[in-house]
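As written, the chains take the letters A, B and C, and residue 1 is the first residue of each chain.
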Amino acid sequence: MTALLDVKNLRVTFETRKETIKAVRGVSFAMGREKLGIVGESGSGKSVTCRALLGLVRPPGTVTADHLLFDGVELRQSDPRHLQAIRGRRISMVMQDPKYSLNPVMTVGEQIAEAYRIHARASRSEARRKTIEMLEAVRIRRPEQVYDTYPHEVSGGMGQRIMIAMMLIPGPDLLIADEPTSALDVTVQLQLLAIMDDLVQQRGMGLIFISHDLNLVASFCDRIIIMYAGRIMETCPASELHRARHPYTRGLLNCLPQIDTPPGALPVLKRDPAWQDGTP
Amino acid sequence: MKSLSLNNRVTGQGHGLRQWLLSNAPRSRRQARLGRAYQAWLTFSQNRLAMIGLGIIILLVAAAALAPLIAPYPPNAPNLSVRLAPMSAAHWLGTDELGRDILSRIIFGSRLTLYVIVLVAIIAAPVGLLIGTVAGYAGGWLDMVLMRGTDIFLAFPKLILALAFVAALGPGIENAIIAIAITAWPPYARIARAETITIRKADFIKAARLQGAGPTRLVWGHVVPLCLSSLIVRVTLDMAGIILTAAGLGFLGLGAQPPLPEWGAMISSGRKFMLDQWWVAAMPGIAIFVVSLGFNLLGDGLRDVLDPKAEGR
Amino acid sequence: MGVGSQPSAQGNRAWRYGRKLSTLVASVALTFLGLLFVTFLIGRVVPIDPVLAAVGDRAPAEVYERVRIELGLHLPLYQQFFVYIAKVFQGDFGRSVLTANPVTTDILRVFPATLELATAATFFGILLGIPMGVMGAVHQGRWPDQLLRVVGLFGYSVPVFWLGLMGLLLFYGRLDWVPGPGRLDVFYEGILDPVTGVILIDSALAGEWDIFRNALAHIALPASILGYYSLAYISRMTRSFMLEQLNQEYITTARVKGVSERAVIWRHALGNVRIPLVTVIALSYGNLLEGSVLTETVFAWPGLGFYLTKSLLSADMNAVLGGTIVVGAVFIGINLLSDALYRLMDPRAR
């Protein structure tokens, strides 16, 4: 499988007057057109890693890496137009909460149409048509009506579907989903995941799924990366998660109650300070 | 501006008093209070602009207090032989149309400026505080009535309302002070009310009430001290505006009457000679500008220390 | 939960609108009434006897008594207040002692000049202030931001009348770039038929371009001086709003979509900043009405501010109170307008 994305030794550091934060410390991984899950707790650097890929890390943050190759081309280039061509068209990202990630003063349809028109020289009417098609693809009923609504008028689940539509309409090869279901009700979560799964399969895309929910990622993704304190602790196929070896992963697994867990208190994860420094 | 971070300064060599003030485990309320004040001072003093503001204000107070000592000439000594003289070694800022030394008049004028702002602050702030806390604490129709009244005063442009009052009361510095104070209290009432409403719901108020504290004690002892910091910030920032309003009234001839060296009035009398003897009108304006600037800088600095969540005007 | 547009939802919305509107109207009416009350009280505090002011101090007793009854001063205080309110709503502010005209006529004559000045100043503030604020936010900490801070600081510390004088000194006295005080050169006065009272509009309508240019030259300096304060305020607020918006997630979304940085700033962020900015601009306009009192005095600009000042110095209470009420009413009106605009512009508030 040719690597769609090849990351080697990615480091992201934030330097403020008070302190220096090393958010990502030497992360390396590669992926093809598969579903890759990145799991970690808050502060593990999982979001920052993906934002670095899209050039979204702004000063005082600095990004260094041996290479960040997407489809063989280095992502970090001085020409801003290069990045603009990549964003949306080849890699895009769905964020956590549509309440905040959608522009409150533009109609939903306009925002999706904008995503289309940036990368395809299309007329307004054609963009509108494509938008409605896309809204149908994310299983929104009455798409013409929804086109003219504003973000505050739609529910969370619908908002996320709109985000997915907006991010998939330019036809990217890689979709990054940064905790896409964390702000949703459990029932709506599964629906949303099903829609995402379908679309990603249909289009033969790669998907990076970031979450703190180990079970969710295990059931949804093909491979899992586990991050802690800016480093990768372990990588394994989803089917073999229960045979993970790194103590951090085992610790996480042990925190989750299973149906056949013996009664009593769940073990508390003990953090080994060695994980902060050592690379597995 | 390179300065050591607060931590470095603190954990470094601590001697006696300093260490006592910065200790993490104060053993009395007084120690805790003084310690907090000292820390606030440390943060404040790192802000260079705020220190400049403080310096200007100190200069103002010093000028007002020591006026007879530092002014080279008496403020009201006409000397027609040197009228409208330009800046020179004898008269650093020149003389006005009656030959009076402008520098001395500005120095003595600082007393009037201080007089105005102190009185306005003393009148307007407590009134606003009282109305605001009562409205916020009592709630209900009393709140509505008081806030409606506040809104009415806020509906007037301040200078115009002050003008109308002075028109009614007659010109003079005391009337100007009253007029300005009447227009200055509404924002304080609003701030006090907002803070009171937030604090009123706090658990510690309920606890105090359970212990038998009556409303007066609750408001005075608990609510008011917490309102104080945002109020102080606002009052300081308003000072600049009050100085400008007072100068405006003076310019229109409605404040301190001649021959008092009120800065606004000095600009007005210098207006006739603007084109040729520009210093007569320019110098008092610079004084007004510097003092207002001082209060603005000081207020900004205080806001950063005491009330960081308050957003810019 | 989907999108609802059933008839009952629409009816519901209309009902809510109606209620909001009536509360708004009641609130405004109450504030205005309060304004009248305050001016009424101010009028009563005057140490001058209004009857004497009207008839002179050598009038015989019957004339004094007659005028006293005419002015309604024999009625109890609350009744006087009602009469006062009735008169105000009829537009009767009494007669000016100075000009012997009804105050209303005077005000209608002078007010357009103030409007012209305040509007020109606001344009100045908007045209320069918004881009400055945007640049300050985008280049936070660097020189555009520092410049903005300095401009803002000066705007809050420099007295407007002094700045006007210094401006006259420099641009009129020394550089001769602008003509002197007043709205027009004496040469051009009295030629135009006042249609709106705003010389720039009237001269353009009449095709009198010489007059237009002259009026423009005369308004340039006072509008810039007054506009400076508007600039300071608007740019500061724009910067603060922009910083707030640029930190929002939807800006990241826009960047992820591939929107150019320029469009992110000027279309997405500014599109959201516009909304609270409208309120700021309205407030600024109100503040300028205040500032115009002093500016008009410096530039001999025959507007409401100048009128107020002159009336004040002659203790012409009818004129002063009339002017105060008008300014207060305009203030209230502007706040209402900005509120309405806000509701119109923000889809979340509809």
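Here is the rule we go by: a contact is a pair of C-beta atoms (placed from the backbone, for glycine too) under 8 Å apart; a residue touches a chain by one contact, two chains touch by 3 or more.
The shown structure was predicted, so the numbers you read here are calculated from the model rather than taken from an experiment.
The two chains most heavily joined by C-beta contacts are B-C.
Distance from subunit C peaks, on a Cα-centroid basis, for A.
Subunit A and subunit C have CA centres that are 51 Å apart. Taking the mean of the C-alpha atoms as each chain's centre, subunit B and subunit C sit 26 Å apart.
Residue positions of subunit C touching 2 or more other chains: there are none.
Taken in their complex, subunit C has these residues touching subunit A: 1-3, 5, 248-250, 252-261, 268, 271-272, 275, 345-348. Contact residues of subunit C toward subunit B in the complex are 30-31, 34-35, 37-39, 42-43, 45-47, 153-154, 156-162, 165-166, 168-169, 173, 233, 236-237, 240, 286-287, 289-291, 293-294, 297-298, 308-309, 311-313, 315, 317, 320-321, 323-324, 327-328, 331-332, 335.
Within the complex, the subunit B residues that touch subunit C are 148-149, 151-153, 155-161, 163-170, 240-241, 244, 247-248, 251-254, 264, 267, 271, 274-275, 278, 281-282, 285, 288-289, 292-293, 296-297, 311-313. Of all the residues in subunit A, the ones that touch subunit C in their complex are 54, 56, 80, 84-89, 92-93, 95, 97, 100-106, 114-115, 118-119, 141-142, 145-146, 149-150, 152-155, 158, 163, 166-167, 170.
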